[in-house]
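Multiple structures follow.
Two complexes follow with chain A in common, the first pairing it with chain B and the second with chain C.
The block that comes next holds the complex of A and B.
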């Protein structure tokens, strides 16, 4: 295992002991990133519960835009495979989804299953021109869909196309839309479902936030931004925002878990920190944090359960070798702390 | 009057959910000092951070506020709390009655879910003042929230009942409003985005969402009643209600029963 403590290369045991000492001395540690396989995310929640840490994720902005709207108005969603197989109308909302492979596949194909099988597929777009006007474009589109506005505008055409579809899919990036935009979009989808089938499909970043949402739900009953400072899991999206906690000086130690590739957060150098990063990644260098431990990359150099974007499910991805696992490192840190306390 | 005096800046966020005049009145000095208020494994209690002086009455003064004091006056049913200084998030969350005054600034979500009583913030309020917290049904729900300075973005987001009175507010004031009234000297862009019902009375505003349509100028009895009810809280806001107003109806993306009254 490759590991560094304060810039000096060390063995696994030394780095784990140093990490345990750092976390044991902290009063309000934060765990950020959580961009890893399910076993590592579970180990992170266990360790956080033991030491009273709080957790936050890599893609929290998008995750909470979706979750906030879900909690308020619900959601009607589909999977990428269903969209490719059944959609005869796809509506691309905003600029970001244009870069996704799914949108390219939708443009290049036709529905092959269901009521629209064999029909041509229309791929429409709205709000890609300006992020500024995106939520109000969506509001306008919904007003046309409801029939509250009527004229010859292109948005009215899009609204009519959604109603005329056998199976419509609305693709969006939650971080680009924000909670207000996602709620407006889910409202539009719900309105169209009074007449025909229509679904939303959230295209997030490639991080493991979807996996974290599930692990967090079955572990704590809550969404990811949960703190264990008072022993019981408390969910508070504002209070446990890692960036806010660090900039307000509330956190006194950080553990950044990212065994999958992700950019190092800027604030990591601002407080005593541990980085658990994928071996061979650009972040697996001594300068990333006070303590750096390189672990196997799930799905590449180690096996692991990851969120499968295409199937919209948690699936096992085999890895090449027996690299040290992030889950094992976190469990050993927990053992170390427990041993010292007893 | 009971007094809590802050000894020094708190080392972590403190939770004041259980610190109300009625709770303190039933406790001895020692019991009150042992009330847990910490939020980390330090396990801080009231006596660690505050000098406690009790008199068993129904009014409480917190001398020396701090932006880390969360949920001050939360679930207050009766009595008075006055904070000399700042407070953190969720001031007066779920409050049902009584009076809550902050001489400094408040953090986000002030007055969220408050069903009764009056909350006054003499300084500025953070984002989502009178707005709903994650997964909550509604924001302000019947209480009166007065912000004498500037409120942040999403003022009164998903509010359901009650009155919000502010000098200035940021973007998206009254977003997703279910019902209720907001009176503001000025607000930023997109007021009332996604509102279903409710009334916004605005001295001036930024860009309007195109899903609001102007419905002309009206002389309605309702406006005179609104002006009269605002008069006792803020003559300046009453003046806006009594002056010439343009009415916009929206948000057309929803059931469109909301209205914006903007000074003409």
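The block that comes next holds the complex of A and C.
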């Protein structure tokens, strides 16, 4: 295993003992990233539960835009395969989704299943020109769709196309749209469903936030961000924002878990920290954190369950030949702190 | 370790046993009385000893359960964990579910709705439920691949092979269909579907789809009969759907999920949409008595706030405007998807009171508790933690009358519950919650206390207050290990996920792989549930098919 403590190369046992000591001495440790396979995310929750740490994720901006809107107004959603298979109208909201493979596939194909099979597919867009006017464009579109505005604007054409669709899909990036934007978009989709079928599809980043949300929900009964400081899982997206906690001086240690590639957060050097990173990644170097442990990369040098974006599901990805798994390292840190082994 | 549970009232209807005696346990099994000195003797004087409870229909894992937690973060309360398991006090979490069942003396629980496209996520979540053996039913009946085969008139063998492949690939314990064809029809604009209505695009009907699944399940030899969620759940006149579906089974084995939600006769048959409903419990029970191949579970309603989770997206869409609080999620997924609609069964409300009465009525009118299994369709009718209270109401006419006295008069006018004198015996409760569900799942090693049974055993202190008695077991053994003592978890024993051993046909595998590649851009390997995916070893336990 490749590991460093304060810049010096060490063995697995040394790094794990140092990490356990660092966390055991902390009063308010934060875990961030969680860009890893399900077993590692699960182990991170167990370790956090044991020591009273809080947890935050890599893709938090998008995740909370979706989760916040979901908890307030609900959602009507579909999947990538259903969008490709059934949609005769696709509406791309904002600029970010244009880069996605799914939108490219939608532009290049036609519906093949359901009542729209064989029809031409219209791919429309709204709000891509300017991030500034995106929310208002979406609000105007909903006003046209509701019939509150009636003049002949291009937005009215889009509204009519959604109503005329047999299976409409509205694609968006939650980080670009923001929580209120997602809420507005879900309201639009709901309105259209008074007449025909229409569903939203969130296109997030490629990190493992969707896996974290599931593990967190079944493990704690709640979405992430989660804190265990009071020996009870508490869900609080504001309080347990790792960046906020570090900048406010509330956190006194950090563990960054990213066995899949992600950029190192710049605040990691601001406090005593542990980085569990994928072997061979640019972050697997002594300077990344006080303690650095390189682990197998799930789906490459280690097997692991990952969020499968193409299928919007969890999938096992085999892999072999690498270092220890992140889950194993986290479990050993936990055992060390609990005094279960040495 | 040899354990003697001594001097309790041992209740095992499968052995005609209801009297004071001993139960002996060794190596995780119930054994014949021994001459040897036991390593542990449990004084069960003044207690009732039963097999561990078996749950056949409770939504305890999967994407819709996850969504319900995200939609209603405040549905459950988390408490500070004193010690032991870090998450067992986190309301609604997997560990909480395991602990809450175990404290009531339940030792097996089945999630009835696992979508084969998301089998791995569901199985990972189930595996994190401690203390219980778990299992899941693979949901079929709306997926394009199956519907295409049926539309194209493919052979029964092809349907059987596809069902077998789905069971094998998802590591399910059985097969369920949910408003067969309804989700597909909903995506194509249909908002109401009955047994013989046409499913657009495919030219099929619920009758045809369900019939093909009934046959496939028999041919494969799945021990659990096809688990059926009918059309028109919860609507006045749903009793017609129930009875027609029962007749459509044509003598084949069939299990009806949450029958209470179908025991709604239209109060005004000329205007079923506006006249409300009256109890059709008698009709449902008579139909069951006439059809010994059928079983049902109840879906008892419990007063209070809950959330309904269902893959019947047609029905959930139809019910969306009754959401309380006013927010809901509908996912038009890769086959069924799911609908999550919060719901308040208003305490003493006329509609919820009648629903509450109808569930009890079905159980109290039934001559055969073994075919009338207790569920709340957790969380759809209410939480499974209400079982002790429901048992109390079944066993105690006075208690029932006290509750009925607080309810609106519609309970008297539209149900027969107030007139029913019957009180369940302990043996009948054991049939309703132990032997019945175990037989239904085809799990011969549990639900009874005969020699050789798995040593899943619950010991309850006899108490006139049946709610208190069944809420907090004095002792629960799982696989012969004491997991609950005096109502508290004492050992975080880990159970297994029960999974049917089914051979899948190689030609169907190749065919399905090509189909999935075309539809998802990913083949069969992205849908599997391999052992290597699980953080802990030895998650699954094999269950054999019927000979």
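Methods note: the second predicted complex is superposed on the first by the 337 of 342 C-alpha atoms of A that agree within 3 Å, B and C clash if a C-alpha of one lies under 4 Å from a C-alpha of the other, contacts with A are read in each partner's own complex, and residues count from 1 in each chain.
Just so it is clear, a residue touches a chain if its C-beta (ideal position, glycine included) is under 8 Å from a C-beta of that chain, and two chains touch if they have at least 3 such contacts.
Because the structure is predicted, anything quoted here is derived from the model rather than measured.
In the overlay built on the shared chain, the residue A:39 is in contact with chain C alone; chain B does not reach it.
In the superposition on chain A, A:295 contacts neither chain B nor chain C. Of the two partner chains placed by superposition, only chain C is touched by A:197; chain B is not.
Considering which of chain B and chain C touches more of chain A, the answer is C. In the superposition on chain A, A:235 makes contact with both chain B and chain C. When the two complexes are overlaid on their common chain A, residue A:52 makes contact with chain B while staying clear of chain C.
Of the two partner chains placed by superposition, A:60 touches none, neither chain B nor chain C.
Legend: residue contacts after superposition of the two complexes on their common chain; A:76 is shown touching chain C, with no touch to chain B.
In the superposition on chain A, A:333 makes contact with neither chain B nor chain C. Touching of chain A by both chain B and chain C, each in its own complex, is seen for residues 67, 71-72, 223, 230-231, 235.
Only residues 38-39, 42-43, 45-46, 49-50, 67, 70-79, 81-82, 85-86, 113-115, 117, 166-167, 193, 196-197, 199, 213-214, 217-223, 228, 230-235, 303, 305, 308, 310-311, 313-316, 318, 327 of chain A touch chain C when the two sit together in their complex. Listed in rising order, the residues of chain C touching chain A in the complex are 61, 65-67, 69-73, 76, 78-81, 86-87, 89-96, 117-118, 120-121, 124-125, 128, 144, 184, 186-189, 200-201, 317, 323, 327-334, 337, 340, 519-522, 526-530, 532-533, 535.
On chain A, the positions that touch chain B within their shared complex are 27-28, 51-52, 64, 67-68, 71-72, 135-136, 138-140, 142-143, 146, 148-149, 180, 183-184, 187-188, 223, 227, 229-231, 235-239, 250.
Those residues of chain B lying in contact with chain A across their complex are 11-13, 38-42, 68, 70, 89, 108-109, 133-135, 158, 172, 175-176, 190, 193-194, 209-211, 251-254, 256.
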